[in-house]
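Questions regarding the structure given below will be posed in turn.
Chain naming follows the written order as A, B, C, D and E, and within any one chain the residues start at number 1.
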Amino acid sequence: MGGAAMNADVTFLADTALAIVRAVPVTLGLFVASAIGASLLGGGLVAALTAGLAPVRGIARGWIFLFRGTPLLLQIFMVYYGLAALGPVRQGPFWPAFRDPLFCAGLAMTCCCSAYIAEVLRGALAAIPAGQIEAALACGMGRVTRLRLIVLPQMLRLALPAYGNELVMMVKSTSLASTITVLDVTGVAQQVIAHSYRTLDVFCLAAGVYLGLTGALTALLRWAERRLDPTVSDGAGEGASR
Amino acid sequence: RDEEGKGADRVLVVGTEGLYPPWNYTRPDGQLAGFEPDYVRILCARLHRRCRMVAMDWDGMVGALQTGKIDLIADSVQVTPERSQVLGFTRPYAMTTGVFVTLRDHRLAGMADKGAMMDFDRPGPALTAMTGRLKGSLAGKVIGVEISGAFDNFLNQTLGSGASIRYYHTMGERDLDLLNGRIDATLEDEAYMRPLLATRDGAALTMAGPRVIGGAMGGGEALAFRPGDTALRSAFDGAIAATIADGTVRRLGLKWFRMDASPAQAAAERKGAR
Amino acid sequence: MLRATGIEKSFGGRKVLKGIDLDAAKGEVISILGGSGSGKSTFLRCLNLLEMPDVGEISIAGTPAPLVRDRHGALRVSDARALGSMRARTAMVFQGFNLWSHMRVIDNVIAAPVHVHGMAREEAVERAHALLERVGMGGFAQHWPRQLSGGQQQRVAIARALATDPELMLFDEPTSALDPERVREVLDLMRSLAAEGRTMLVVTHEMAFARDVSTRVVHVREGRIESMGPPAQMFGPDASPAFRAFLSA
Amino acid sequence: MLRATGIEKSFGGRKVLKGIDLDAAKGEVISILGGSGSGKSTFLRCLNLLEMPDVGEISIAGTPAPLVRDRHGALRVSDARALGSMRARTAMVFQGFNLWSHMRVIDNVIAAPVHVHGMAREEAVERAHALLERVGMGGFAQHWPRQLSGGQQQRVAIARALATDPELMLFDEPTSALDPERVREVLDLMRSLAAEGRTMLVVTHEMAFARDVSTRVVHVREGRIESMGPPAQMFGPDASPAFRAFLSA
Amino acid sequence: MSEQDLPAFALLGFGTDGWGRVLVLGAVLTLALSLASMTIGSVLGALLAWARGSRRGWLARLATAYGVIMRGVPELLVVLLLYFGAPGLMAAVAGLFGLPAPGSPPAFLTGSLAIGLVSAAYQAEVFRGGLLAVPKGQVEAALAAGMGPWLRFRRIVLPQVLHHVLPPLGNVWQFNLKDSALVAITGLAELMRVSLVAAGSTRRPFLFFAAAMVLYLALTSLSSAVFRRIEARGSQWAGRR
């Protein structure tokens, strides 16, 4: 009897695992799309923050304030249910897009995470030694060249740990899409839980999937970190400094 | 801790969601109100037990029961075979039919068999014919249901892949999408829908097609205990039977749902439908 | 080649430059001498607008620096593109070197030629190697800045400044971190640049350089040009007493 | 006072110090001369273990530096506390100054006396003001490091090093950013420190200092002590050819 | 049920039918939860960042593994495990010493501990990034002055790290503020749970979601003001850019 129960257990877990793994593309797609969107938008926000025009700065600041200041869950609700409640949106040309929960989740995540990423980039920008930028100015580099050649590489290096944080958080934030009927990894897990009530087992399975995704991402980030600063491993001058 | 100590003196902790009117919801002062809070009070008084009702997320509720943080769940939980594997249910204290609800101006509003009772516990040619018509109406439509409800089982089994099903975490969200036109219809418990249709927002909605009961939809709403807590459960079983018999449940149903949701009433209707 | 008129600059209420006028003809090599904190670096930095002067006019190779006065009377850049091309024709060696720490030595040197002047990469690399060789840093092309000694960093900074073939060169104490041998080499290098007819402004404490290489010596004192003249005059008996005091120290 | 024996150090396979032995008696002032990249800074940094030597022994004021050999034969610190107190009795002026950018000038100077040596704050501030005055930075106590010119930063760094009354002082080109006038002042200061009997190791390119103030001159070349002796001998006719070549540059 | 057709101001007010008081109390609880978890996270995060840089290999690996796991699994799982697992664990530990089972720890404690454990993993990364931004020469100057590790950390490293990490740390704080919503499953009446309950009970979701957004923004403004003040102090030495 115990054997049979265990068998049932194993089948249940295997079935669940399979169902969850099938949902990985949804989670991954949502993450990749909104990570790219949020990074671009976040870069734009930092550019706007450093812009000369006061209104541009104001808009960027307001954006960051709003999206960083409220929970993503609420933002997803508002984009999905709130916008739909407005007649113009429902009758407008974009309704097919806004009708789609996946699109709404991606949009909310892009907006929300762009605010976080902007903060990270802003911090890194401030940490670049002034002399490095002056040297670029002095040889006549234009804004774009300076950005590409001097600012971005140093910023990236300084921002990478915190930026990696944001990306990892984003992977997990995708799970909130399940609250607006998206059947991602969490959505599927919750569906199984709703019928089986095996909250912890199923959640652990889902957590395993997220752990795998974030683990891979973390490895990727660490590789990038090492590539960006190959001298770190030289231990140059670190003899007794720790 | 002493107060909540062992034996019959122990205060029973009752878990509920508290955001599911009119079954159970929260008042601004933090008091729980609704059918179940009233009913649990009555049952506990009958059993001479002290009970304390606490509100918590549905996600944590079964876990809380299993780890002993609460002693029973009173959250309009429908009895299904799957749930019976992990929860110990009492006999049902309510038995409600499922109704399809859609926008007044939606094509589905004119669905066939309006108001007819489809009883899946009584197979026969009539049921087969009705099922066929239902499938026809809902083919290609998007139906929204609450994720933890029993209705999705029913829809899956009855409609197969004919319609697509969306899962919602709370009924409130599902209602919004129904109003927004993201879903074509929903299948929901009549006791929940009747009061909703009476509100300003609900005026745009209407019930359509047949009322469904039995089969995969489960055996009504019951209290849930840890499977091993049989003594406690049978005590409550007795109390439930008594309150159904003396009309208490009927009275509470009329108060909260504007209808009699007691199992006795459902049984009578099902008999009549045949 | 360079004309700076009435340059003034304050930091937080303290006036650091109190009106500096300086003209440099093409091919001139001007040594700027002066005490620590007298405003030499600030002046140099004002010339390519790394520091925005409060008052003053600057023109390089006949083109005025793109400056306008805003509502509050403060100067501000009117044309970022023009400023960029003005800076592209100028090179600077910083007092603190300011090598780009995320680039290897070779990349530090080729960055401006390739990305600002659009030189072909191979050509830039070739030139860079020659320049590095010339400052005695031939073997260090693949090093990172932090792996270099102070003097080595300074020499890379010089090579970087030379890489764009600039018309005007601003050197802020380019030999401060060097030993006598290296100093001689670098000064030789600068001498040869002077011979090519390049215009140079050199903040320096090397009297030998000021005397032997420069066409003019400028003594800055407390934000003003205290005296100025050809080396023969400045180091001769007719020099101003203040400069003589400075020298005799 | 100081004894360093067989100091060797490589960076990524390249041997930078190839076995340096140096003893300094109490009150000695040793000038270290040598070409750029010859290993002077590295040697100085090895002495207070900012750089861990690969091989070698160091002892300061009779106390050996707390070094042990680990399994792989590499040196490592055996007693962090002992190292701390060794460093507390030593002061260093860095080639790049390394002022703490988040502290005002005055706080830079009093940080070590107050927090490492437990001096009362008022006393430390008073002494700091006197020291700043002495290096000509009296008016800059409340400035931030980034507001200072190169030479001013260097003078603050010197004041900071002097603030703890160290027994052994390591100076890495302490006058590189200074004008002749300031150089003279700082050298005077160091001369008076020498007269107080303090031990000093000074990496410098100032020949005047090496000749006039130091008790011994050390010529470093490619990671080795090429020659060494009292100034009279080193600057005399008997100096090694290499050193003479270095000087004559 | 009578609430359903009440006007918005009455629903959000402080009268008998108003949810104002409950919402504000929820916000206060959210703030308290976040403060507690942020504190736990800072202390543990700093230790982790230090351990990551340690030359003892096993310590660094341990810290790395902690980071990977805590950042990798959904926060909700940590909350669930702690909420449901802690009593059993405590009972087991108590059993070892022959003591009676101590019962469930308060939800506030488990909640803030769970969020704090997650927060620590993120803060460790932030601190590590900040450490990179401190010029090495300045640390060397501190070493050369004979400053011990603690002194060096407190006087030289920390002030500069704080300056560099404030923006990303602000992010973590915001994240904490919102993560505390996960504690809702333990039944703690923090802001998110309160607004969900109110939305469900009155069937007026927008009204209460909007109210919650405003309250969250209020919490944010409050905390940004604090962060800005600290940042402003730092920007004095760093020079404004």
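Here is the rule we use: a contact is a pair of C-beta atoms (placed from the backbone, for glycine too) under 8 Å apart; a residue touches a chain by one contact, two chains touch by 3 or more.
If you want to know which protein each chain is, UniProt gives these names: A = Polar amino acid ABC transporter, inner membrane subunit; C, D = ABC transporter related protein; E = Octopine ABC transporter, permease protein.
The structure presented is a predicted model; accordingly, all values stated were derived computationally and were not measured.
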Joint neighbours of subunit B and subunit A, given as chain labels: E
Distance-maximising chain from subunit D - centres being C-alpha averages: B
Between A-E and D-E, the pair joined by more C-beta contacts: A-E
Maximum centroid distance from subunit C, chain identifier (CA atoms): B
Subunit C-subunit E separation of Cα centroids, rounded to whole Å: 51
Length of the line joining the C-alpha centres of subunit A and subunit D, rounded to whole Å: 49
Separation of subunit A from subunit E, taking each centre as the mean of its C-alpha atoms, in whole Å: 18
Distance between the centres, which are taken as Cα means, of subunit E and subunit B, whole angstrom: 37
Numbers and ranges of subunit C residues touching at least 2 other chains: 96, 146-147
Contacts with two or more other chains, residues of subunit A listed in rising order: 77, 81, 85, 129-130, 157, 199-200, 234, 236-237, 240-241
Per-residue overlap in subunit E, given as positions that touch at least 2 other chains: 76, 80, 84, 135-136, 140, 143, 205, 238-239
Of all residues in subunit E, those that touch subunit A in their complex: 53-55, 67-69, 71-77, 80-81, 84, 122, 125-126, 128-129, 132-133, 135-136, 139-140, 143, 164-168, 170-172, 174-175, 178, 181, 192, 205-206, 209-210, 212-213, 216-217, 219-221, 224, 238-239, 241
Touch list for subunit C against partner subunit D, complex: 11-12, 33-37, 40-42, 95-96, 136, 147-152, 155, 173, 176-184, 205, 207, 245-247, 249
Complex contacts: residues of subunit A adjacent to subunit C: 129, 131-132, 134-143, 145, 148-150, 153-154, 157, 228-229, 231, 234, 236-237
Subunit E-facing residues of subunit B, complex: 1, 17-22, 25-30, 54-57, 59-60, 63-64, 66-69, 170-173, 175-176, 195-196, 199-201
Complex interface listing, subunit A residues touching subunit B: 77, 81, 84-85, 90, 99, 179-181, 183, 187, 190-191, 193-200
